[in-house]
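Two complexes are shown next, each including chain A; its partner changes from chain B in the first to chain C in the second.
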Partner chain A sequence: MTVAAGIGYALLALGPSISLFVSVISKKPFLILTLLSSTLLWLISLIILSGIWRPFLPLSSTTWWPYGILIFTAVAFQEGLRILFWKIYKRLEDTLDAFADRVSKPRLFLTDKMQIALAGGLGHGVAHAVFFCLSLLTPAFGPATAFVDRCSQMPFFLVSAVIALAFVTIHTFSMLIAFNGYAEGNKVDQFFVPIVHLASGMVNIIQRLNKNSSIC
Partner chain B sequence: MESSILQSIGVEIVGVMSPVSICMLLVVLLVYSLSPSNPFSSAASAPPIRTAANLVYLESPSDSTTQKLEGALLNALVFVILVAVVTFLLVVLYYYNFTNFLKNYMRFSAFFVLATMGGSIFLSIIQHFSIPIDSITCFLLLFNFSVVGVLSVFAGGIPIILRQIYMVSLGIFVAAWFTKLPEWTTWTLLVALAVYDLVAVLAPGGPLKLLVELASTRDEELPALVYEARPAVSRGMENRGSALGLLVAGVSDSGSVELQAINMDRNRNENRSNSESNAAETERYMHEEGESSVDLGERSPLVGNAQRRLSSSSDSSDYSTVVVQSDRSRQIGSREFENAVDEEMSPLVEMMGLGDERELTSGGDGMERSGRGIKLGLGDFVFYSVLVGRAAMYDLMTVYACYLAIISGLGCTLILLSVCRRALPALPISITLGVIFYFLTRLLMEPFVVGTATNLLMF
Partner chain C sequence: MESVPDLHNSMYKVLDGYPCVRLLNLSGEIGCSNPGREKVLAPIIRFKNANELSQSSAILLSMGEFQNFFKRISNDSTFARNVGGVLVESGAEPQNMLKEFSPARKFPQAEFSPYRSTNYKWNPIGSGIMWNAYNFPVFLLSESGTLTLQEEVVRNEKSKKSYTSVVAEFDLVMQTMKAGTHDSESCLKEETCLPLGGYSVWSSLRPINISSSDHSKPIILTMASMDSASFFRDKSLGAESPISGLIALMAAVDALSHVDGLDKLSKQLVFLVSTGEAWGYLGSRRFLLELDLQSDAVRGLNSSLFEMVVEVGSVGKGFNQGIQNFYAHSTGVSSALNKTLDALKRAQDSLKSDNVTISSASASNPGIPPSSLMAFLKKNSLTSGIVLEDFDTVFSNKFYHSHLDELSNVNSSSIVAAASLIARTLYTLASDTKDLSSSSLTAIKVNVSLVEELMGCLLRCDPGLSCELVKKYISPTDTCPSHYVGVIIDEPTSTPYPPYVGDVSRFLWNFLADRTSIPRENTSPVCSEDCSSKGGVCIGAETDGKGVCVVSTTRYVPAYSTRLKFESGTWTVLPPNSSEPIGILDPIWTESNWNVIGLRVYTIQSAAYDRLVLLGGISITILAYLAILITKSIITKAMKQD
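Showing the complex of A and B:
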């Protein structure tokens, strides 16, 4: 829809993450490295997932249950990734504490740990936004726009940008909640995160079910 | 509240990664904005220019796969041979002390690259965006730009940020030119150059290794284009003064990059056998150990830290040096040698070829960690950006995947650098990862993600 609209959609999806980045993460180089490595891990998990699902694509668009299985496996894989991230983080924390002792600096504060978790979650969120929203936005910089099938008043790009924004928020803060939950052994927190992730993924399928009702 | 260690770990790495990221981003933007929107327009089907990389085989879309593959391999082989020959020539010239000739040639080639390659890119930008500017103004601006570029890279007394900006722009121009090569040739060329880099820097007869050793035995900088990652402005951390300043202050930050090694170098070279300066030397060595921000492993700054505190009062400095010497005499001896070699060795790099189609860019690259911060060769910038630019011609997803792969490869190389402490080739790991990720993303990930995203099914 023109460059202005394209930039608008991109900022819609990534705006809060850019402000988080500039205010919190860019001040500490270690957090930038954490962000980059968590994005890389998310990308690798996505590649493995798509490798597993490649023979089954393209899925038929009439039935809905293959999509259900798809989302379920994807979410399960990513939650597994989160646990892996937690284990790596524990080891990293020990190394960082040992290093801090050696240079006689204080050990990691709670805010530091939360900032690392935030950077990790933001990495996941940014990766999600880029791969699911921004990569499809290139046509939006052109002269026209595309509308959603079932609701012909909202442009497709707008919908995908808003959903991407929601997922960025989910990813960022679920990493924080999950790390806190694992650290304190709080079962409620630990299960809260995967359930929210799964629910938000599944909800998207509902809109495929009701073909006639408009979702405007 | 004392600052936590999170403030200072990783500064060096980010200091190298940000210019690389900026260079890649600008090349991607250039590729996107200058690529013809109509694939059938006359600009796209213009006959491909014959450059050094295209000498043997000119790829056209209508050739069969095997033909393209063989042609691309031949092209890559010829290019690597040319690069190797030119690098050997450079080593020979350097060995016979033709330094004036080399310096003037480099100044001329930098000017030429900025003026002609930069000029043609500016012209195509002006054409594409229909910017109203007349030719005289344009010529003047281009001339000024090139002259300031040459001055900032090769003369002293210019602020480091300007030098860094011009290094990055040199990288952008050359990379943007390389992206005009056809696709198969580009990929095989990248892989061939990564292999060449590995061999040239690490193998015993490699030209770049010879160059580094020659430069280090003569105690001078390499005649090459190198990006230095010194921070232009210290970011709220105590800025390191001279060695004496360190002795007085007593507390140091574990991650500051800039050593202001100029004073210390002179001190060290004069007083190498002098015992009074042992405090300064060992202080610096401890400080250099503290500098390695990536090293969460075995650096043992514990002793160094104790030594710092001890030496903060100058009257006990003799005692402290004796203590330290006796404890770690073996380690300090070996580290002194290593650090001496490190101080002098400058990294390896790139002799930029001229902009004319016949000329080549001999890409030798490597990276090195001296007391003044990490240095990265300009050839690395160029070839990372070429990879990302070529990925940009396919899709934004591949761009992001290749960017992440290259950055993680660079991080791995930096970690290896802090472990090995010698000149290392920066190309191989990043390029291998980049190529792997590109093909994986293109073949596996894209149908998956595009399929789910267009159905608005996100997870």
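Showing the complex of A and C:
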């Protein structure tokens, strides 16, 4: 598929993240720090999760419910992490506001808060994209292409890039909506995010296990 | 799929196959090679769909289309220009499809014949395909390779996408092609090739006592050859030609070794198995040269004492409607020859119950068939010799020098019959007539299970060279036997470094030494340093038991062109020598060096699709950027209004 296609797939998965980074996040160093720390936290959560699940692996591929429990615990853990993130952020916000008061500078605006949430969500999304799509992309730079039986209309790399793009979007906006929900105490928003997260995970499982359905 | 290496392996499928490699001689080259330094990438197309080729393609053939394809290559140059590579499928039952196939010439090695009629067709179905040079790679796929390829092709056809195609990637880059050396002399000088050759083995049935002065026993030399050739380097079994003869010779030696009174024989029985015979009779010619030079390799042999030469040719297809028929092709006129023909008749009579017949070859033949005896005759036209074959006027082998000359092409009962004939004839010849009785003749019996075991070891992959008989003597490097002569590594000597000697040569040396040996007196049979110092040899030195020390006259003789000389690490071509008139006809075959040989198949996308993907990625990035800018401006405007 050559270098052109490889770069194309990488841009497809991470292009919007790059644009967001360049236009919004790189302007403020604090946002870069937020992005990096949220990426790190997401990866640590995955490592802890895999550590907890290690004794139960490998799961049998014929029944679906072990996978269901796996996804459920993963999503629950990450949502818990999100709340933790929110709590840390709240404390940080208070500290920053107090500091701003002392040096008579303005407090955090709404846009600032949204940008911090955006950076957090983007961190999660970029980590997901890098680890679930970019790491598989090395063979794409060679001359051959790959087609998976379950979706033979599109090359495998195209499918994984599109899915990664979808997850980046989900993660970014989830964080935004969740922070908004926690701040305003809006229950709808608070529950919207975990449900969407769980739903996307479950759909993934269903398609992986049901050999007749097509990812396309 | 668990990881990236798994993904890589499922994308790039390695095909298991046998290549055809580049061989060179003094005037040019034959065989196949990639045209340059790069791998060849070509989309796969079936021969029956390939009427017109629009681009360089890899042609997929079945064995039945092989000959037609090469005929088309030689006739149609526009077609030939677009052939990037060739893949040959191996079907499960090739014998059902092809009744005959031979890529050799109609009179193999005619230039060495002692008679003038070189137009005689010993091998009428020979097409001569393997003697041409091709500038594209050719691979014969194994059965697993054929299955893998068919899966890929079928999957691509089913998906019906116009932007993907299945390509084959051929890696058959030959060093002589890279270096631009296109004949033996230049490539040997540049060290981009190595000469063909190996190690022949000779053995004397009762060990020759070198120190004793009595060396005047006449010698009867019985020989066979152990190498074959084919279009595909690693798939030349040569079951009928010549391995059937080799097995018959080994079984005859085994039968004779159990006879009482071998010390009382009035003639010396010497057995020679030479290699390189398919490439200019390298083994025989070198053997004769070493005899002239009285070198270490042939110490104890005096060529003036050679009374008779008996060669065992192809003897695996003598079985015909319940009778085993063999033919004696003879040359020269002498009393020794008459005695041999009488001995053959006596042996035939003693085998009447087994329905074995031997007849003289037809007088309408121009002479002896292509055989090592031709090299002997070129050296000394008065040599008396007989070639024992299972055919009279034309080869009975319908797959001469092809990869299809395999186990199913020979019959074990035919080989057993030939071995019995040889053993009894040699015993008759070698003993005084007064000692000979019909009972002593009928006591010589060939071990049928030995013949079948040898066929399993030398002509099959399972058990192949890991069979018990072979493992008793050597540790083989490969399980699947191959009888291509190979190249000479390093300096040729009569005491070679064992890893440089081929598996079959080492096995033969040990087998013959074991059968022709007498135990050592006064010392233990375990091999140690003093074994060779006291005139013994070590059998089975490579095995775990570390071998047995016995007394036997069994030696290696290097087999390579008499016009080559190895000095200070390189090979030089010598001018033709008047003492060996046959040397001027020697093509001096060499084989090109190479780095790796491989074959992969995978699916590629068209370049347009790749560019589309790149465009898609770039446009999504730019669109996202614009969307973010617009959103930012909307938000700032909304904030300003607050």
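Definition applied: the second predicted complex is superposed on the first by the 209 of 216 C-alpha atoms of A that agree within 3 Å, B and C clash if a C-alpha of one lies under 4 Å from a C-alpha of the other, contacts with A are read in each partner's own complex, and residues count from 1 in each chain.
In this text, a residue touches a chain if its C-beta (ideal position, glycine included) is under 8 Å from a C-beta of that chain, and two chains touch if they have at least 3 such contacts.
None of these values were measured; they are calculated from a predicted model.
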Return fit or clash for chain B versus chain C, each positioned on chain A through the superposition. fit
In the overlay, answer first, second, both or neither for which of chain B and chain C A:A10 touches. second
Please indicate which partner A:A183 is in contact with in the superposed arrangement: first for chain B, second for chain C, both, or neither. neither
So, A:V162: does it touch chain B (first), chain C (second), both, or neither? neither
Included angle at chain A between vectors to chain C and chain B, based on C-alpha centres and rounded to the nearest 10 degrees: 80
Between chain B (first) and chain C (second), which does A:S135 come into contact with in this model arrangement: first, second, both, or neither? both
Identify the partner contact of A:S50: answer first if only chain B is touched, second if only chain C is, both if each is, neither if none is. first
Residues of chain A touched, compared between chain B and chain C (which is higher): B
Just checking: does A:V22 make contact with chain B only, chain C only, both, or neither of them? Give me first, second, both or neither. second
Give one of first, second, both or neither to describe whether A:T2 is in contact with chain B, with chain C, with both, or with none. second
When the two complexes are placed on top of each other via chain A, what is the minimal CA separation of chain B and chain C in Å? 5
Do any residues of chain A touch both chain B and chain C, and if so, which are they? 109, 135-136, 138
Once bound in the complex, which stretches of chain C touch chain A? 4, 7-8, 10-12, 41, 155, 159, 161, 164, 167, 169, 602-605, 607, 609-618, 620-622, 624-625, 628-629, 632, 635, 639
Which of the residues in chain A come into contact with chain B in the complex? 27-33, 36-37, 39-40, 43, 46-47, 49-51, 53-54, 57-59, 61, 67, 70-71, 74-75, 78, 92, 95-96, 98-100, 102-106, 108-109, 112, 115-116, 127-128, 130-138, 148, 156, 159-160, 163-164, 167, 197, 200-201, 204-205, 207-208
Quick check on the complex: what are the chain B residues that touch chain A? 2-11, 13-14, 17, 254, 290, 293, 296-297, 299-302, 305, 395-397, 400-401, 404-405, 407-408, 411, 437, 440-441, 444-445, 447-459
Seen from chain A, its contact residues with chain C in the complex are 1-2, 4-5, 7-12, 15-16, 18-20, 22-24, 109-111, 135-136, 138-139, 142-147, 152-153, 155, 158, 165
